[in-house]
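Labels run A, B and C following the written order; every chain starts at residue 1.
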Amino acid sequence: MFTYILRRILYIVPIALGVTLLVFGLVHIAPGDPLNAVVGPDAPAEVVEQLRRAYGFDQPLPIQYLIYLGHVLTGDLGQSVATGRPVAADLGRALANTLVLSIGAALVGFTSGTLLGALAGWHRGGLVDRFATILTLIGVSVPHYWLGMVLVIVLSVELNLLPAMGMAPGGAAGWGFTGEHLAHAVLPVITMSVIPMGIVARSVRATVADVLHQEFVQALRAKGLGRGPVLRHVVRNVAPTVVSVLGLQFGYLLGGSILIETVFSWPGTGFLLNEAIFKRDIPLLQGTILMLGLFFVLLNLLVDIAQAALDPRMRRS
Amino acid sequence: MTSLHRLDPVPDIGGPQQPLLSVGNLTKHFPVRGGLTGPKPVARAVDGVSFSVAKGETLGVVGESGCGKSTTARLLMRLIEPDGGDIVFDGETVGTRSGLSLRELRRRMQMVFQDSYASLNPRLTIADSLAFAPMVHGVSRRDATAVAGDLLGRVGLDPGTFMGRYPHELSGGQRQRVNIARALALRPRLVILDEAVSALDKSVEAQVLNLLVELKRQLDLTYIFISHDLNVVHYISDRVLVMYLGKVAEVGPVEAIYGRPAHPYTRALFSARLSMDPDERTAAAPLQGDPPNPINPPSGCRFRTRCPHATGVCAEREPVPMDLGGGHIVACHLHDSASGHPEAHAYA
Amino acid sequence: MEATAAKPSFPAKPKAARSPGYWTMVGRRLRRDPVTMACLALLLAIVLSAVFADLLAPADPYKTSMIRRLKPIGTPNHPLGTDELGRDMLSRLLYGGRMSLVMGITPVLNALAIGGLLGIVAGFFGGRLNMAIMRTMDVLYAFPSVLLAVAISGALGSGLTNAIVALTIVFIPPLARIAETVTTQVRGLDFVDAARASGAGSLTIIRVHLLPNVLGPIFVYASSLISVSIILASGLSFLGLGVEPPQAEWGLMLNTLRQAIYVQPWVAVLPGALIFLTSICCNLASDGLRTAMEVKL
């Protein structure tokens, strides 16, 4: 087990380096002089030259990458072109807000998805199963940014039940466990939870049905074991698959929050990305993408380790 | 004008005395994933195997699963690159510049696999599957189709019925007949049958075995017949080779191996088999447990961990193959009076 | 064989009856599946109305009118109302379908070609080549798809081509991975070894034995990505990263109509409803295709 974890950790090092390389490359696939991404187009020529040297843009690309890597490793993600503030500071706040949404959506989506999928898999072909199938289909087919709009129209505009925008009244940007904050989070959380619910329900249903059909479970039933013990065996065999789906989906929630945050004006990383794109603030774009990418890599590592802990077969492959 | 001359039979070179195939020190170690430190571990699947096959004979190869039988077959066909050793086909060394090219080797030597379904492309009709190899060797499609029809007839399947069928429409026995036909399409001299009848029902197995015997006679073939079924090997083989954990334990004429098995492993193997003939029964204890891991095989003699006669010398030195006479060769210290094994003299 | 191969005895009977091939069987099963057929029909209708938008559209999709802004559904001459600049919604939805479909389908086709090729090469040749290709894919896989699409098109800037490039890069890794898995599986089957044993070269084996057995599953997987791609493509436009105004595109229309949800909510959600409809049809059709292709053959 220990060697397995060590090997997994060693394995993500090149992946993490690849992520930094790709994020580094973003500056260079951006059209025009990479410096334009750092300073405004109206900066005087000598300032531009000075900055070119300061940023190392006069160096060959591999050197530039190493310089960039050095900055990243020391926690320096550069400065926002638009605001002049360090990217890392803004990013920390935004990441916290995105985590609020993602964790909320994960809780709602995973619980409902697991329950729905388990019920559907246990009673395959039944009414719950059919309901779950349709819900799953909707979950994976609906453009969630549109679903957010529809929910706002129904629950905020027409019924006036819940706030439609922002994180708290007056555009406040910090989280707190007040009724107001919770009310603001309801719609984005529900919207975000639809996709993981659909996908989790689908894979849980498939795995449960699969395990129930395996010979050892049939044997347990034939032995006269009641529902309880059979259920325990099923849970133990379903858990690794479910954990891996949950982990991946949580990563997708974090990465995919940009559209939802735009719909609900939620001041998280997605909002930051949106701002970076509109103001062509490449350092901000890079920093945000890098953080979310590394977060996802780390999450995958945790999923792998959790899976290995739950399923001894995984350790060998 | 036909393109069939491209399938003209390969002439004999060395005469009947020269072995059709001789294999020397064939070796394949598969790298396996191990710890993060130390030398890369390997599975010694085939570890210095030497034997030869005479023209026109059937060499049976037996052993437990995982002993390297199938790997040896694939090494001979060069479907896996060997790590070492040489293969000489009718006097010509395979793979050297002056010797036999891979492509020529594969015309002379063909193989039938165990899984009759997996060895046929599900998207090709039987006719297309059979015509493939001749077409690779430059035969026109029309002629290749004619060859396919002819081959089907030879293996006892009606061409009119089977040419346009797909593999899934055939029974296991019919599919294996098609596989045999395909192996014959290039008119090889040597056919390797890797558990070719093992997956078939007993009654079908007997029919296919008879077909193999008949084809061998008609087409002047030589067989290497790999199987874990000792009775089938007894029936079809002229000589038998016993493999254990990537090494040759014993090889000899079928009567010698079945009548007077010399290696403790062979004896143990045969004691597990039911025989109607009291003379064939051996007193050896049946095999206990599983064969050891080929990644870290036992030192000295590989069988010593399961051998009732094992002593110190068996762990120290690897036994040298000894000729007991009449081509009956065994690799065991018991039969080597110079080995220092305390029981050796009783046997020698 | 001595006698017969030299003087081949042709089978006396007329050419044998050929069993129906794989794709014929798949076609038959598809035709017996009403849900899939309905979805395919609906998709065909959506595609045709996008292709023939200039014939079908009742008005100019770009003609603005200050006095006819945000009319409700059912307005005379504007059966689906008008948008925030007074443009006819029906016409814009028809034209918008063009862009949305092109933006959604092109990346999957591109990625099918590039990723499929990479995966097949990696799977067939194995070894270091496989390592090099698949580890590169792993790096791209390290990003959630939305994030990767936003990152690349965010750096490249808005525009149709940039969005298509970004989405193509997003879909290459999953397609390469599935192609590699299927290829590795098929390559391990005995018939591939039998073909090698007959002396055939790699290209011949790939063409005759590998491709016919791997293209089906890769194709089905690609078809399941179209729905995701359409949602993502419109999502990029929704963020202002895809096509630029005044172009008609469902995601972009959804974005500009967002301010109108208090005035004409049901007009504002129309483009999204079309994305949803297209995506659900794609998913169902892809599922139907997958089931139909599970014919044992």
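Note that a residue touches a chain if its C-beta (ideal position, glycine included) is under 8 Å from a C-beta of that chain, and two chains touch if they have at least 3 such contacts.
Values in this document were obtained by computation on a predicted structure and should not be read as measured data.
**Student:** Centre to centre, using CA atoms, which chain is the farthest one from chain A?
**Tutor:** B
**Student:** Closest chain to the protein's overall Cα mean, using per-chain Cα means, please.
**Tutor:** C
**Student:** Just how far, in Å, is the C-alpha centre of chain C from the one of chain B?
**Tutor:** Each chain's C-alpha centroid was found; their separation is 48 Å.
**Student:** Could you give the separation in Å between the centres of chain A and chain C, each centre being the mean of its C-alpha atoms?
**Tutor:** Between these chains, centre-to-centre, one finds 24 Å.
**Student:** Measure off the straight-line distance from the CA centroid of chain A to the CA centroid of chain B, and report it in whole Å.
**Tutor:** 55
**Student:** What positions in chain C touch 2 or more of the other chains?
**Tutor:** none
**Student:** Taking each residue of chain A in turn, which ones touch at least two of the other chains?
**Tutor:** Expected reply: no residues.
**Student:** Quick one: which residues in chain B touch 2 or more of the other chains?
**Tutor:** Nothing qualifies.
**Student:** Touching residues of chain C toward chain B in the complex: what are they?
**Tutor:** Its residues touching chain B are 1-2, 4-6, 8-11, 13-19, 21-22, 189-191, 193-200, 204, 208-209, 212-213, 296-297.
**Student:** Within the complex, which stretch of chain B touches chain C?
**Tutor:** Residues in contact with chain C: 2, 4, 7-9, 74, 77, 79, 102-103, 106-107, 110-111, 113-115, 118-125, 127, 129, 132-133, 136-137, 143, 146-147, 149-150, 153-154, 159-166, 168-169, 179, 182, 184-187, 218-219.
**Student:** Which of the residues in chain C come into contact with chain A in the complex?
**Tutor:** 135-136, 138-140, 142-147, 150-152, 154-157, 227, 231, 234-235, 238-241, 251, 254, 258, 261-262, 265-266, 268-269, 271-273, 275-276, 279-280, 282-284
**Student:** Note which residues of chain A are touching chain C in the complex, please.
**Tutor:** It is residues 14-16, 18-19, 21-23, 26-27, 29-31, 137-138, 140-143, 145-147, 149-150, 152-153, 157-158, 251-252, 254-256, 258-259, 262-263, 273-274, 276-278, 280, 282, 285, 289, 292-293, 296-297, 300 of chain A that touch chain C.
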